[in-house]
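I have placed the structure first, in the form of structure tokens, so that the comments after it can refer back to it.
To keep things simple, chains are lettered A, B, C, D and E as they appear, and every chain counts its residues starting from 1.
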Amino acid sequence: MITATVTGNVWSTRHVEGIPPGAFLEVQIDGTESRLVAFDVLGTGVGERVLIAQGSVASGWFTGPPPPVDALVIGSIDATPNK
Amino acid sequence: MITATVTGNVWSTRHVEGIPPGAFLEVQIDGTESRLVAFDVLGTGVGERVLIAQGSVASGWFTGPPPPVDALVIGSIDATPNK
Amino acid sequence: MITATVTGNVWSTRHVEGIPPGAFLEVQIDGTESRLVAFDVLGTGVGERVLIAQGSVASGWFTGPPPPVDALVIGSIDATPNK
Amino acid sequence: MITATVTGNVWSTRHVEGIPPGAFLEVQIDGTESRLVAFDVLGTGVGERVLIAQGSVASGWFTGPPPPVDALVIGSIDATPNK
Amino acid sequence: MITATVTGNVWSTRHVEGIPPGAFLEVQIDGTESRLVAFDVLGTGVGERVLIAQGSVASGWFTGPPPPVDALVIGSIDATPNK
């Protein structure tokens, strides 16, 4: 997984079938200038730090026909880590 | 997913069996000089910004035998994002 | 697989369903400055060197519904290698 | 997918079971100095430009038990593109 | 696939269940300084050049439950290529 910070939303009115309920979030990967788009089902907002799983496991998490998403926000990272 | 801009078509008359109806589009990944080829079933044109899913989820989106495509245009990005 | 050294824990109280028992560990990939988060079921501690498998094989290792994890600590690397 | 140019063959007499009929081709990825090895079932020759699919979709294209190949030449790119 | 040269063994006494018979080999990817660990079932030795498949196809090659390995030595590259 990678850690990243949400920087915005990506809107796509015209898209293929099979996109589940949720949002496309643009995120910046921690420690880099790289950005990617992750699918979110948790209602995550801009500025939150998140944990993202990539590849077919993102799609495989959904029940029903696997949607064509290759990155999923699997959690919001706790603001005060109790290390 | 990644965001990218369509830069052209790739034509392949001699190819393996199992390529579904659609087009191979050359795209440039946003914020980079990198290019890749994504499969498109939406009739996307040169210059459009798109959202691309990569890996086996691209192939898994199709019904029937999974085609050998590892990148799929899953949506056209709205020109005027209503953030 | 890659070899890496565990540098800390990542805590996520608010997460999607289907995360199995275990821990999210932040690791630094050997020979690089790159970090990623791997799932651990071995009780690995900070400072240990580990072997990590990435991608869907990480998820496929689990019995039951495949969890949305894309990196798994598959072993602790022996401190005194008997090469 | 990526576009690449075939630069040579790779021969492996001693290999695991399950390699299908075809050839291992060394290719150079367009616009880079990077090389990889792709499996070819089209009889592609040195110097040809090809379209390559990577990952499990390469293996999944084959009928029968999935072979351990992670890159497949899915087409030869037309020399005179009719853009 | 990638070509690489075997540089050593990686030993892991404490590991998850489901690792098949074979060895973890450290390899250096040809033309780079990058290293990774590949699983070997061919008895390959240090110094040999090998062909490596990565991702879920490495795991899918095995019969029985798919092991958590994401890179497999699929062949030893012939020392005298008959190009």
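Heads up, the rule we're going with is that contacts are C-beta pairs under 8 Å (C-beta built on N, C-alpha and C of every residue); 3 or more make two chains touch, one makes a residue touch a chain.
Chain labels with UniProt names: A, B, C, D, E = Ethanolamine utilization protein EutN.
Keep in mind that what you see is a predicted model, and the values were worked out from it rather than measured.
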Residual chain groupings, excluding chain B and keeping positions: one piece
Neighbouring chains common to chain A and chain D, by label: B
Shortest path length from chain B to chain C (each step joins two touching chains): 2
Self-contact between copies chain C and chain E, residue sets same or different by half: different
Distance from chain B to chain A - Cα centre to Cα centre, in angstrom: 20
Computed distance of Cα centres, chain E from chain A, in Å: 32
Residue list for chain D, restricted to those that touch at least two other chains: 55-56, 58
Arrangement of touching chains [line / ring / star / complete / other]: ring
Sequence of touching chains round the ring, chain D onward through chain E: D, E, C, A, B
Residues on chain A engaged by chain C in the complex (per definition of touch): 1-3, 30-31, 41-42, 51, 53-58, 60-61, 72-78, 81-83
Chain A partner contacts - residues on chain C that touch it in the complex: 8-16, 18-19, 24, 26, 33, 35-39, 55-56, 58-59, 66-71
